[in-house]
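The chains carry the letters A, B, C and D, assigned in the order they are written, with residues numbered from 1 in each.
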Amino acid sequence: MHAKRFYTLSASCPDRVGIIARVSGFIAEHKGWILESSYHADDGGSGEAGRYFMRIEVKADSLPFHLAEFRERFRPIAEELEMGWKISDSAVKKRVVILVSKQEHCLYDLLARWQSKELDIEIPCVISNHDAFKGFVEWHGIPFHHVPVNPDNKRAAYAEVERLFDEVRGDTMVLARYMQILSPDLCAKHPGQIINIHHSFLPSFVGAKPYHQAYQRGVKLIGATCHFVTSELDQGPIIEQDVIRIDHSDSVDDMVRYGKDIEKAVLARGLRYHLEDRVLVHGNKTVVFR
Amino acid sequence: MHAKRFYTLSASCPDRVGIIARVSGFIAEHKGWILESSYHADDGGSGEAGRYFMRIEVKADSLPFHLAEFRERFRPIAEELEMGWKISDSAVKKRVVILVSKQEHCLYDLLARWQSKELDIEIPCVISNHDAFKGFVEWHGIPFHHVPVNPDNKRAAYAEVERLFDEVRGDTMVLARYMQILSPDLCAKHPGQIINIHHSFLPSFVGAKPYHQAYQRGVKLIGATCHFVTSELDQGPIIEQDVIRIDHSDSVDDMVRYGKDIEKAVLARGLRYHLEDRVLVHGNKTVVFR
Amino acid sequence: MHAKRFYTLSASCPDRVGIIARVSGFIAEHKGWILESSYHADDGGSGEAGRYFMRIEVKADSLPFHLAEFRERFRPIAEELEMGWKISDSAVKKRVVILVSKQEHCLYDLLARWQSKELDIEIPCVISNHDAFKGFVEWHGIPFHHVPVNPDNKRAAYAEVERLFDEVRGDTMVLARYMQILSPDLCAKHPGQIINIHHSFLPSFVGAKPYHQAYQRGVKLIGATCHFVTSELDQGPIIEQDVIRIDHSDSVDDMVRYGKDIEKAVLARGLRYHLEDRVLVHGNKTVVFR
Amino acid sequence: MHAKRFYTLSASCPDRVGIIARVSGFIAEHKGWILESSYHADDGGSGEAGRYFMRIEVKADSLPFHLAEFRERFRPIAEELEMGWKISDSAVKKRVVILVSKQEHCLYDLLARWQSKELDIEIPCVISNHDAFKGFVEWHGIPFHHVPVNPDNKRAAYAEVERLFDEVRGDTMVLARYMQILSPDLCAKHPGQIINIHHSFLPSFVGAKPYHQAYQRGVKLIGATCHFVTSELDQGPIIEQDVIRIDHSDSVDDMVRYGKDIEKAVLARGLRYHLEDRVLVHGNKTVVFR
């Protein structure tokens, strides 16, 4: 992360000769100063030309124009390269809506990072199916919406969640141990925008009560997984994972406690990568330019 | 591990008041010097009395008698406590038979540890379904048996493996990336004696080609698992696990390479725990007194 | 950590034959149910008798008497064994005073753990040399004391800190990135009671600006250390440490950010071990019965 | 690592606008297919233009010329950019001379990696101040040179080491727990060519007996450091480091044993990065393009 304003171009296209030359040539031609750049050729193990991924940070004031003109001028190159791309401005804060249930560890952790500007984002609101954290969230000057969810009102509840997200023009929705399964419809409409933290090292222990499953199997490490939410439960592209050692003396409660530390660390890292446009989705996998 | 000769008592029994007092009282009564001791009450999360596990190292020359008499005198206590137990002598080297296929990393690693006496064991023979390592093994003065395995001779081949193991009075059989599935019969006859290293973080990626499976799923860490072999493939009690970080730039071949380092480290640790009687099986789980 | 009330005996004494038998015999004689017990013989590498450490959890309602009588009855045994010992009651919450400066990560982290009862403690007050967190702390219903520290008032300021700690009958003082060096006098008066989190992997990078030092040296991992505060800066007994991987692309600011995650995790673990009487000091080292 | 033949260009130069465009433009102009590329701008935290580093792999058969002509044609660009650079050919194996003393773990580990072609190198000879591994090394078909070192013959001994290294046209000298301090003169003549594995997490525990030092200080993790050898003991640029958890129950001997596993893993990773031209030295630090 750089102190000065910069633009971040992230893109992917079919691999071929000359991609870097074409893109970096365009930037150099306009005297753009590259702060950081990452490239990855993914051939899926085939040894043949596959897909090419890139992420480039350019110092904003080194260019003679702003984003709109950058987009205008870059478009022909992107079209020529059959590129999927976007460019973002470090001066425009991302808008992150947090969904939470009754566990506080991820919420406290995210708000501490926001408070200290470690996460330089807007949090336009927090949504919860419980009202336990209303006071805490509002004390931080953040609107809190209590949207109860029960077996009978799910459709209406998720419609309300979506309405709130749209109303505040949210960029990213974070399920910070939300413990509710969003509707497939809502997931499908926001691909690459909804981030979940699952409390197991996926693909082990999909679904409910993963720490109980881990206890039963007698594993020696437990983990957490930050992933994009898709309509298939716990099957979306994985952004980040980590594990922590346990042993025979640890009860399920101990695992839950250890797990919290991994969950919040993994969620915070994954979210940060996403907000900095470091995560590019490729099928059901991710390229993460750390 | 202590420099001087010692006896290791490992045991488990139904939990109740006074177990430690009874056992340590017996040892103290005979002036036994306890070098190291570990205890664990496992209630399976019930909050009720469950099963009790222990491991005690006693300095051999502090006792007025040898193992045979220890066993004789301790038996009534063990019976009273309904204890499953054994006691071993650090002066008697364990006999470890290594089974290997065509990959060298675990074999080299184990022989280096044996050569340097880090693993203070006997290796009465190495068995392989290929003859690639015959020269290497024999150079170390260890007998090598080539027992080819093919779809038609499996029954005979495993009978030969078992015959060799019995002939050399093996204590432990180590599948050092043996890549063959032993017969359920052989597994069932040697519970807690056969140790495998599986190249995934179980229960993820059971069975064949786990690194390919990991590549497809896009996980961010890969692992290895050392476990007791039972008649169910990759389902036995887990002794030790570990993981290593990978990223999008790693091909399946890269994973295989990283994985080797985790495999040999995890196998070496798991085997050492087992040889030092630190691993007590409890249903399909293990208590590991490190 | 167990759900039901229990007593924790922690002790050390010169090593000799029969210690466990003597102590566990006493407990068994009164029908005490041992939930968890750990023992360690430390010979300092000499091979001779050294010092013996133990920690035993006994279910409170299994004993026919309360702590006062336990202490009375156990005293003769402790004297016979020349034991330093204490026993605590899980029903009596420890009183932890937090000292903080201008960084929020450890404070938010500790309050989240306290809020969720993961840390089952009293926080009678938070003391800071700044008033930045007054509102946040008071929102949680915890008294906040602003005790400014400057080069001219140090003596008076630390006297005030000590007065506040004594007034609330604090058990433990936690320097949660307090960034001030307490007076040697204050440290000496509270041995084993003041816990600091230092933002390096000690003994590397003692003193000020450890992340700058790490950046200059080009290390590939950075860490944090939780230790008891003594009158010598960053030299007290180490309770817990951990590290995180960095690389050439990380600036000092990136290290500071990564470091925060390690600092709060290491402090939380170290503090928990301490509060559960799992940490026994031995010279300038610790025995930590995890 | 790619299956097909490729060239690796590694370079650094003063940072300025257009470096990537200039270099990738040259490659694209000749239809060079970039397999992998990494870039890093190091401003030393100044926010000003600093030094620029890069590493580019180009598929050999995509270019219309071989290395000699590449060098010829690229030279003017390199001069214009004031670049320090080199280019290597994956088809030309690096020649690695291993120096070893009496501990086998790193030697066995390196030979296993060489044997399996994981390390695709030539080992023209192994040099040792003892003759313990003569048979083992020669069994692998590698020449072994016994060059005894004692307080009186150091000058002559190191001259002999250097003569052997030059004679076999070694590219890299690996001190695989060689335990001897090379002459400053020899180190100065081979900058960036001699790699050592030090058995501590530098800068902690410089010099002799680091595990004893770690034991005395009571650290909770021990580590190893792979670094370039310079004339200052244990002060050279760090390539790779890692740590492993220990606790109060571990003796110095246990640390030595755990440490071996970290040493060989760290050495193998660091050496591999070096052999793949992923390590660029920058003052007393390294850029490592993993």
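Assume a residue touches a chain if its C-beta (ideal position, glycine included) is under 8 Å from a C-beta of that chain, and two chains touch if they have at least 3 such contacts.
It should be emphasised that the depicted structure is a prediction, and the values quoted were computed from it without experimental measurement.
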item: Pair joined by more contacting C-beta pairs (A-C or A-B); value: A-B
item: Chain separated most widely from subunit C, comparing mean CA positions; value: D
item: Whole-Å separation of chain centres (CA-atom averages), subunit A against subunit C; value: 35
item: Subunit A-subunit B separation of Cα centroids, rounded to whole Å; value: 41
item: For subunit C, residues that touch 2 or more chains besides their own; value: 36, 249
item: Interfacial residue positions of subunit D with respect to subunit C in the complex; value: 40, 42, 45, 201-205, 215, 217-221, 223, 237-243, 247-249, 251-252, 282, 284-288, 290
item: Footprint of subunit A on subunit D - complex, ascending; value: 3-4, 17-22, 24-25, 27-29, 31-39, 41, 47, 62, 245
item: Subunit D residues touching subunit B - in the complex, by the definition given at the top; value: 1, 36, 103-105, 108-109, 111-113, 115-116, 118, 135-136, 139, 249, 253-254, 257, 260-261, 265, 268
